[in-house]
Each structure stands twice: as structure tokens, then as C-alpha cells.
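When the chains are written out, they are named A, B, C and D in that same order, and each has its own residue count from 1.
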Amino acid sequence: MSELVKVQVTVNGTRYEHTVEPRMLLVDFIRHELGLTGTHVGCEHGVCGTCTILLDGKPVRSCLLFAPQANGHEIRTIEGLGTMDNLHPIQEAFREAHGLQCGFCTPGVIMSVLPFVEQNANPTEEEVREALDGNLCRCTGYQNIVQAVQLASEMVASRKAEAR
Amino acid sequence: MKPAPFDYYAPASVDEALDILSEKGYDIKVLAGGQSLVPSMNFRLAQPPALLDLNNIPDLAYIKPAPDGGVVIGAMTRDSDVEHNPMVAERFPVILQAMPFIAHPQIRNRGTFGGAIAHADPAGHLPAVTLALNARYHIRSKNGDRWVGCDEFFLGPFTTAMEPDELLVEVEIPALPARTGTSYHQMARQAGAQALVGVAAVVTLDPGERVAAARIALLSVGETPVLAGRAAASLAGKLLTPETIEAAAEAAATVDTDPGGDIHCSPEYRRHLIRVLVAKSLEEAGERARGKRG
Amino acid sequence: MKLEGDYLFNGPREEVWAMVRDPEVLASCLPGTQSLKQISPNEYEGGIYVRIGPVSGSFAGRLTVSNEVPPESCTLTVEGKGAAGFAKGVGNVFLEAQAPDKTLLKYTGEFNIGGKLAAIGQRLIESVGKSMINKGFETLDKTLQARMAGKTPN
Amino acid sequence: MAGKYLGQRLKRNEDPRLLTGQALFVDDVQLPGMLHAAFLRSDYAHAWIKSIDPSAARQHPGVVAVYTAADLGKIWKPGPLNVPPPSGIPGVVFNQRTQVPMAKDKVRHQGEAVAVVIAESRYIAEDAAAEIVVDYEPLEAVIDLEKALGEGSPLLYEDLGTNLASFVHQENGSYAEAAARADLIVKTHIVMERGTAAALENRGYVASWDNKSQSLTMWATTQGPIALRNGLATILGLSEHQIRVIAPFVGGGFGPKILLYQPEEIVVSWASLQLGRPVKWIEDRQENFGDTSQERRQIHEAEMALTRDGKILGVKDVFIHDTGAYNSYALTIPLNTQTHTTGPYKVANYLTEYRVVFTNRILVTPLRGAGRTYGTFVMERLMDKAAKRLGMDRTEIRRMNMIQPDEFPYKTGIVGQDFAKNVLDSGNYPAALDKAKEMIGYEAFLKEEQPRLRAEGKHVGLGISFFTEGSGVGPYEGARITVEASGKVNLSTGVGTQGQGHFTSFAQVAAEQLGVDPKNIFVTTGDTEAFHWGAGTFASRGATVAGSAVNAAALLVRQKILKMASKILEAPEEELELADGMVRVADIPSRCISLAELAVKANPSRGAVEPGTEPGLEATAYFGPPYGATAYGCCAMIVEVDPDTFNARIQRLVMAHDCGTVLNPMILEGQIHGGVGLGLGNSFFEKLEMDDNGQLQNASFMDYLIPRASDLPPIEIAHLHTPSPLNPLGIKGVGEAGAIPIPPAFVQAVEDALPEYNLEISEAPLSPNRLFQIVQAAKQA
């Protein structure tokens, strides 16, 4: 076993400090050390997108980082969006458009497209499909995910407008 | 699919990194973006005894203009930062054209420009693109700095001219001459999948629209990124016509390369793709060169 | 995977044969070979640490020489096993004297891989295999030159 | 028959949990003292195990135990069959060889488990597994289906003396007689290849034996929790009541998660019993490619006899089916092939015969589509070929051979997966064909658009394919419904849920009967503590069979409610209505009582329950259909082929579909969308590349390609509604619908896009490389 290293990280606004083996994958750290099991594991080789989180605001595969690499960084996971009683607009859009079935890929999908949704008020279907290409879904044929993302873009944009 | 144990080094400076590298040499693996290395480690295909993580060295991430009109890209610059850089887009649109084919945005947010070059995957996009752009690579070790031109850099699959104690610190891409057009085309089975063949073409025309210089680099066709020298030579001094383009594509598919097969692509299909994609890239690069009267 | 090819050595056939038949020399063609131990007149075992792109790890290797017809031909069987899977290559090697100091080595054979190497690395195998064989021959030729230089009184 | 809740596009009850990361999946289970298992698996496809030396692994720090087959004692034996071979077909050969918990003397496929390490973490367990030394004597692998049955082939089972796992022959009428009087006979040789389900969640189990309560709790990614509990009880020598199996949220099933007695289920639960600590095993993606069952490899020699005006006289289909190293699931898949080949068509003379072959590959069990896919592919290819030969329109030849709406129930005489002679229950097949043609714009496309696009240099083709989907088979499912004192309704059933929306659709069924908002109905699926009896979620039967049981139970509770309320409100039952959680007298809404109050009265704390009545507003009911209901549909698509790269893209896809009564159209459409996704995979992306030595060449998502968002077109769906007479709600299944018609429609469209080569494609899946080769061959011919 190699020397343990300290990992200090802010996840969804909460600071954590844990000591782990350097080889621990970031997704295992988030899930099993921090107990935030909303981020899922699908392939552990960076292709399926299920483990996508935001690292310093950008979507990355948490299965392709070692926990110590997150040291000093900020992470956002699905648990950092809305709650069951108060869904984030993107979560609401997924429910409204039936953009999930088994729901296993969903947290990764949502974290992948969250920046896209925030930056695109009215994306075309083609743009949305491109934005979704880094995430595999086996249940939906993507049809309703595409619609959910389009709806989410509208909802986020209109909330922004309201806030102004 | 959990990686085997390793010793972990995360230096904060290049000098510190070079010290560690010179001490460990063959037994330490450099971790840049990790988007190719970590999957291998998760599969336990790669079990390096130690990792040298460069991600804590901010000095290696930058995009700078070169005095000649080119650019210099720090080895740890994230692919997505290159992809969205206006200067790169203006000076080397071919890089921008190739970028979206590198896996997926989530991977490009983490993967690095230098990491892809040093990894030297014969199917990698960036080795071939920088080869077409006649880049040179700035390499540093405790013993000093050296620059290796792209024609001498790629020695075999995943094998470069770098020694185990050396680090790639930046990539220098020279300015394109006037009347130069570039193009990138590839065939993959789906977005983000391995390219079956990819072609980067850089074509410079003389004032009479004849080919003054051409560099055509191919990926996924051999042991390294391959510069299609005979194809380029066949165009020298000629107008780009359907006939000369076809002849060049033929040379690329039959003289410059002897492609092998894999489960996605038989050698015959690969040859076919080389013909089609070289032709398409030359045509587009030529059009773009003509559009730039400079 | 089928293997086939040739390589022209700059040396007499007997010298080339002596090299091919010398497992230490053969082992030197593969970077990372750690040790080699003779376990029978025609069998050798050793460890090798491979580091090529996505693969890095230790393999236990075994080399068997059979069907020997000195200095013309033999069959080399190379087997390797490690956490990443296994590989087995069987090559029939023929040496043809083309001139007093030119020997053409021809080989035909088959190369099979299994486990993760095959499952994850199939697209790489052909190019890596070709590259390793060619590099190996280059190393052999260098060794040959060195040996001959050592033997020739200048 | 849309009601207030039934048939409505209601948002799903389960979504808030799933969307916020609060839904529990098996790998989310964390227990104090939990250990982690990693299996050592064979790299060889076929080898004798000469010895296993686990001593180094046992010494590894953090390792608690290492077990091999030899350590399992009495537990080690081939598992029971999941499904028996069919009764009622004469001359069936069935050589039973089921999975073992870990290989003992011989490994029969790459990925087969040979040892397990139980350690403090998965990381350590994997480290130690690499230290186990296994001495194998490799054997020649049996991969090629035809060679496997030939003289001198190596054998998977020496004692059997053959690689033949099964032989089945069925014939209705006489094909020979039909062929003798035919004007035309078209023949085809069809090859379909294996893919994998690739649910995004891999398999996983957490077993926790509690010594004090002498009970085992097992969280499992299973589609059949009750069957798993019963099986484990038998294997481990426990009472069924000592085991609780929980299938929490499951990240996609698609078939393989219904397979029981999987080695890891047995080893993990047994290890927990041995060690008195919870043990977790989560399959990783690489393991999934080698240890989770797969499907879709058959070779068909088929022919069709027709009159010169296109009427089918008979069909003959002789095929080989790959079952892999074991046949634990018996003959469900090839039986489905047999019953689905003739599909919607009237085929008076039908001969169907197959041999099942053992090969050195992971075992084959149903995967979304489950045998129907090949049958449909074979028949639709024959139809296309016949249409071409006769110069007929491809939809016309289909229409003229279809079973007409007044000909139901239609008996085919062929025994299917439920061991009943196949009967098609209801439908309007020509209407679905017309609808799909209308949606895709059939005539206009062929006459105007295609010629115009061709003139522009575009290679665009149309494909259209019809299919049936036998669904909703028995034996039975059950449900229990309780109105609680809070007014909330509790609903439990024995099936598991893997994303089908049962938490919502079952609530809708109950809500309709009880007049309760579905949001107030708490549905439990997949927990053996909540319901004791059931079979599982497979064969598109969850909604049909369990949904019908829910309806039956809700009806019983409704009757109890009405009976009680009638007394209390002093009004006849016929005058009462149930709505908004109340029972009201229809004309006098102020005379009412809430279900909550009724529930309290039904479970009095003093006094006495009347003799002959039961306490509580609760009922349990079961439903078992006599045979399966047959859904059907017609799919049409427009495909563009890039003549330079031979890449093919579906531009538009329409589906006219009939699965009887619709519980929730939103969920139903989602099922079709997902099926289409897999269908496209089976058409152009998903092939497991196996070499002659049984080494899988693409055991990762880097090389095994699953369709992505930009690979799929928008999907347009139209519903037809022909209720099934086989259940009171008139429901039919839909789970596999999308997957079935895509490959034949896709290859037809590709042929249509490249008419200059006169292609005859007889395989699936294709790939750009394969299409290139097919075109090259056609150019040379």
C-alpha cells in the first residue's frame, strides 16, 4: 500500500477533509468516503458519462481522476442541485418530459448538460444531441432526454429573465 | 476495475518534477490529463509503480502568441481551452476543426494538449494535426532543454524521441505562410469514437494557385502518425484539380501507407477511407487557400 | 494474428544463427527483460516489465526452441503471462545465406493474445507487434555488428 | 379506455428521488463491517484447471478469505434450471447443463469465475485476486456454430459426447406439400450476431447475514426478487422466511438480470453466512462483458413458398442457436423465434426446426427482443426478397398475407415460450401498416422525394417492417392493496422494477378503482418482505400481468369500501362514487366519508370484527393469463448512406404501435424509444467481436459501441388501441417492441438507398466496414 494523502475538497458548498490512498478514484471518494451516492459508476473507463460531476464548474469524468487530484478544488454533484420538494429547473424539466426511466445515467446526464443549459436559452435539437453525446443512456433512446434538455434551457432562461 | 497501488508525486514546479523524473526514470509515469492513462490503470493494463502528476504546475498551462505569428501551447493546457481559444481559432483553424473529434467535451475538459502528443497514440488526433502543422516540441530534462521537430518525434506506437527523464513542456506551432489553407476530416463510427482514419492537410499555393507546399498527416493508418510525403510531392507545382487530388489520394493510400486492420476496419476499407478523406481534405484545404489571397 | 516477414542481416548465416539460438541475445531485443533462466536445453524462463503506451506491467515469459536444423531453421515459441492477459507467438524462422555477409531471415507464424490485452488493446496489437518485431531485428543487427567487430582483428 | 387516472400522461412518482440522487441502488448500500468481493476470472475460453494456489492472496493484508470451488463444499453444484424445457412438443432433445458457482475442473468461457477474494476494500480484493496462481491447460475453443456440431470438434462436456444442447422440430401443415405446388420459392441464409444488454448499472449484490436473527438480507440487481429468494433458500438450506431479497432501484435490466442462480449471487450470500459480515460485490464493466449473459446469435436457412400473385403457401426455417457454455434458461429464446417468425402473416404450412449448440462463450438468456428479433428479421427478409422477385410493392405483399381483424383469435399451432400453442389474441394489422405508411409518407417519398434526392447525389432509402410481440405471459403475478388509516394507499407486488415506471403506472391502475390521487399511493416493488409470491419482470409482462393483478386487488378493496360505506352512509352501493379519497353519495356529495375514516373503522380497536369479514381495507389478488397477449406494430424509417464512408444514419423513424389499453402513454412511448435505441444498436453498432480462441476483442465501451444521442433520429409514434381479451384491462406488453423491427427495416432501407448495387443483405448487425465489404462484393459480382 502506498502512502496515504490528505484530500481537502469542497463538495456542494461543504468542505471535507479525508485521508486516502492516492489510487482511490474520485468517484469512489465521492460515493463511499463522502456518502454522496447520487453520482454513479457505469464503466470506469471514461466512456459512459454516468459519473460526470462538475469540477471547478466544468463537467469531467470522476472515474478518470484520482481523489488527491481534487485536493483544493470545488465539486458539484447531483445532490447540489434541487431537493425532492424543490427541484432545480433542469430536474423539473427531466421529470416533465419523462427524460429518465431507470434513472441510473440521469445524474451524469444532468451534470454534463447543466453548463450547456445555463448558456443556451434556445438550443436546436441537433445542438442538444451533440451536447448529450458524452453520455450513454440505455432506456430512453435519448428522445425524451433531448426534449428535457430543450425544456430545461427554456425554463432556466425564463427564470433568469424573471430574476431581472 | 480499480487501479493497482502506486506512489504519488504531485510537484508544484517543473524543476521539482524533473528532479523526480530523473530519479525514477522508467519506473514513473507522467500523469497529465489522464484521460488515456487512467482508463488503462483502471483496467490494470497499466500498473506503473509511481505517478508524476503535473496538474499542480500552473506554469505549464498557457497559450501564447509566437513572434512569427504562430502559437506556443503549454503542455498542460486543457484541450477545451485550446478548443475555445480565439487566437488558435484564427491562426490554426485546423486545430479547431479537429478538436470536437477528441472523445467528448467532458474528456476535453480534462485532457491536455501536451499529454496527447507525449502519449503518441497512432490514432490520436493531435499528434497528426501538429505533424501536419510542422510543429516542434519543447522538451526539458534536468540536463537542459531541447526542441524536436515533429518529423523526428514519433518513433513508434506510443513511442517518442523523449527519454524517460524528459518532460514535454510546450508545443510550438509555426505561422502558416500566406495563401495557405488547412482542413481536417476523419471517419469514426460515432461521435467520440476512435477515428478509423483521420487526415489533416495543410496546403500552400503560389500566386498562380499551384501547390507550393503541402503537408498531409494521417492517423490510425500505421505505427505512428504518418506524413504522406509521396502524396504531397505528387502535388508540387501543380494545380489542385480532381485529377491531381485523386493521384495524391491514391499515393497516400498505396505508397505512403500500408494500413493494417482491426475489428472496426479491414485494411481494404482503411485504404478506401484514406483515399476518400485525403481527397476531401485536399479539396477543402485548396479552397481555403484560394480564399486567402494574402 | 498471422505474422510474416523478413529482415536482411549484415553478417554470415552461422553468426546470425548463433544469435537467434542465444536466448540472452533474443531477450535483449525486448526492453525491460529482467532475468532469463534456462530450465531445459531448449526452454528458458524469465520476467519482463513491459511499458508500451497503455500497457505497463510485469509478464512471466517462456521461450522454447524446437525443430532445430542448424543453421537453417527453427521454431521459436514465446509465451507471456501477466495481470494484463497472455500472449503466445509461434514463429518458424528460416535463414538464407544471400552472400557471405548477407543473411535473409524469413519468418512465418502466428501470434495470439488473450485476456485484457485482447479485450481492450486489439486495435493496438498489430501496430505494436510489427513495431516490436522490427525494433527487435534492428537491435539484433546491432548486436551482430558488435559481435563481428569483436571477432574481427583490426 | 382512458379514465381519470388510467391512460393519462401522469408524471412519475419515482422521479424526484431519482433526479436528486436520493434513489437507492445496490452499490449505494453501505453497512457497518461490510466486506468487498472480487472474483478472479478465466482469461481462457476453454481450459482444464490443473491447480489453483490461493496462498499468496490469503496472506495479503486486508484479505479476510479466499474461496475456490473446492471450498464451497455442498453448495457447489450446477444450479437448477430457470425454465424447464417445453412440454407438449414431441421429440424434443434437451441436454441440461447449468451454471456452476465457480469453475472446478474446467473453465468453459472467458470470464468464468475461478476464485473469489473477500477483503476490506474492493481495491485490496483486486490486488489479492491478481496473486492467485491458476495453472490452466488450454484447450481448443468451440466458437463456430457449424463446426461445433461437426466430427472431431472439441467438446465442452466430454460426458455428453456432443456439443448439441437441444433439438426441436415443429411443423404446422406440410411445408413439403406447399413447396411442391409453389410458383416461387425464395431462400435466404441469415446470420445474426451477439450483442450485450449493457444496462448502465452493472450487476451487484450485497448480502448481510445476521446471526442473531438468523436471517439474510440481500440487495440485488435482479428482475425477479421472489424467485431469487426462493432459489437462495434452497441452495443455502434456509427457509424462505429467513431471506429477504430487495431489488431497490435497478439501473436497467433488459433481460440478463432475470437470470437466477448466477455464480455471484450464490457465492456472495454464502460468504456472508460463513463470515457473519455483510459482503458486497459490484460487477465492473469489464466483468460484465464476460460474466453477464448475452444474446442474438443464430444462423438461419430459411425459405418461403409463394404463388405467383404473392400469397404465402409455406415457410421453412431451420436454424442453429448459440446458447453459450450453459443452457440455464432452456429454450425460451429459440421458442420465441419459432412463434414470431410467421409474425402477423397467415402461413398455413410452417416448418421450424432448430439445434441449440454449446459454445465456449458466456451463456445466452433473453435480452430485450429475446428471439423475436431473429424471427422477424428472417421473415421480413423473405418478404422483401419475394416482393423483388415478383415485382410487387413490399407493403402490398405484406398486406395481402396479413391476418385480418375478423380472424382473431388466430391459432398458429406452434408451441411458444409459455408452452402453450401460440394464439394471436387481437389486432388490426392492416391498419397499423397503413398508419406507418401514412406517417412516413410512403408513396410521396418513393415517387417524389427519393428521386429528387438521388438527383442531388444523396443516397437515401426507405425501410418498413412489421412485427408482433408476444408479451405478458404467465404464470401469474399478485398484488396487495391496503388503504391505511392516514388515507394513503399501500400497494405491493412481487415484480421488480428497472425503470418501467411501475411506481406510477400501478398507482394509476389502483387510483382509477379507488378514486385516490396516484401521488397518495405508495408502491413497493422488488421487496420480498412486502409481497411473498411472484415470478418477475420479463417478457414484457410487468404491466400486463402484475398490472392486472393490481387491478384485481384494487377492485376487491373497492368492493370492501363500497360495502362498508353503504352501511355508514345508508345508501345503496350503486349510488356511491369514489373520488378524491372520499366515498360520496353521487347525488348528495355532502353525504360522504373519507377513506381514512373508513380504514380506521375497518380496523377497530374495540368491539369485534364481524364473523365472516376481515379487518382492514385490504385485499390480495392474483392474475394469470391463459396465454400471452400479442402486441404488434409497423416501423418505417428513412436512412441515408454516405457513399464515401459507408456510414448510415436514420433520418426519420416512425412507429405505428398497438399494445391494447394504454396505462400511461408517456411511459409507453418511452419504452418504445428505448427499444428503438437497442434495435439500432443491433442493426449497425453492437457486435461482440470474438476470435476463434474465444477471446473477446471489444470488452469495453471504447470498442463495443452503444448508440449515442446523435446516432438516433427523432422517433414518431402513433397508437392504435385494440384491447386484449386476455385481461380485464385489455393491456398488452410493450417492453421489447422497439427492438424487434429495427434491424429488418434498417437493412431494407440501406438496400433501398443503394439500388445500383442490387444488394441482398442477410445479416445483422452491419457496420460501415461490413457495408463497404458487401458493396465491394456486389460490385465484383
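One rule holds in what follows: a contact is a pair of C-beta atoms (placed from the backbone, for glycine too) under 8 Å apart; a residue touches a chain by one contact, two chains touch by 3 or more.
All of these numbers come straight from a predicted model, not from anything done at the bench.
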| item | value |
| --- | --- |
| Subunit D and subunit C - chains in contact with each | B |
| Comparison of B-D and A-D by number of C-beta pairs in contact, larger one | A-D |
| Most widely separated chain from subunit A, with each centre as the mean of CA atoms | C |
| For subunit B paired with subunit D, centre-to-centre distance based on mean C-alpha positions, whole Å | 44 |
| Mean-CA-position distance for subunit B and subunit A (Å) | 30 |
| CA centroid of subunit A to CA centroid of subunit C, Å | 49 |
| Interface hub residues of subunit A, defined as touching at least two other chains | 1, 21, 23, 44-45, 47, 130, 133 |
| Subunit B: positions in contact with at least two other chains | 1-5, 39, 43-44, 190-192, 194, 263-264 |
| Multi-chain contact residues (two or more partners), subunit C | 83, 116, 120, 122-123 |
| Pairwise touch network: line, ring, star, complete, or other | other |
| Pairs of chains, among all present, that meet the touch criterion | A-B, A-D, B-C, B-D, C-D |
| Residue ranges of subunit D touching subunit B (in the complex, touch as defined) | 122-123, 126-127, 130, 284-286, 644-647, 685, 689, 697-698, 700, 702-703, 705, 707-708, 710-711, 767-769, 772-773, 776 |
| Residue ranges of subunit D touching subunit C (in the complex, touch as defined) | 43-44, 110, 130, 286, 289, 689, 691, 693, 695-700, 702-703 |
| Residue numbers on subunit B that touch subunit A, as the complex places them | 1-8, 10, 34-35, 38-39, 42-43, 51, 53, 55, 80, 103-107, 109-110, 190-192 |
| In the complex, subunit B residues that touch subunit D | 1-5, 39, 43-44, 187, 189-194, 196, 263-266, 268-269, 272-273, 276, 280 |
| Contact set on subunit C toward subunit D in their complex | 83, 85-86, 112-116, 118-120, 122-123 |
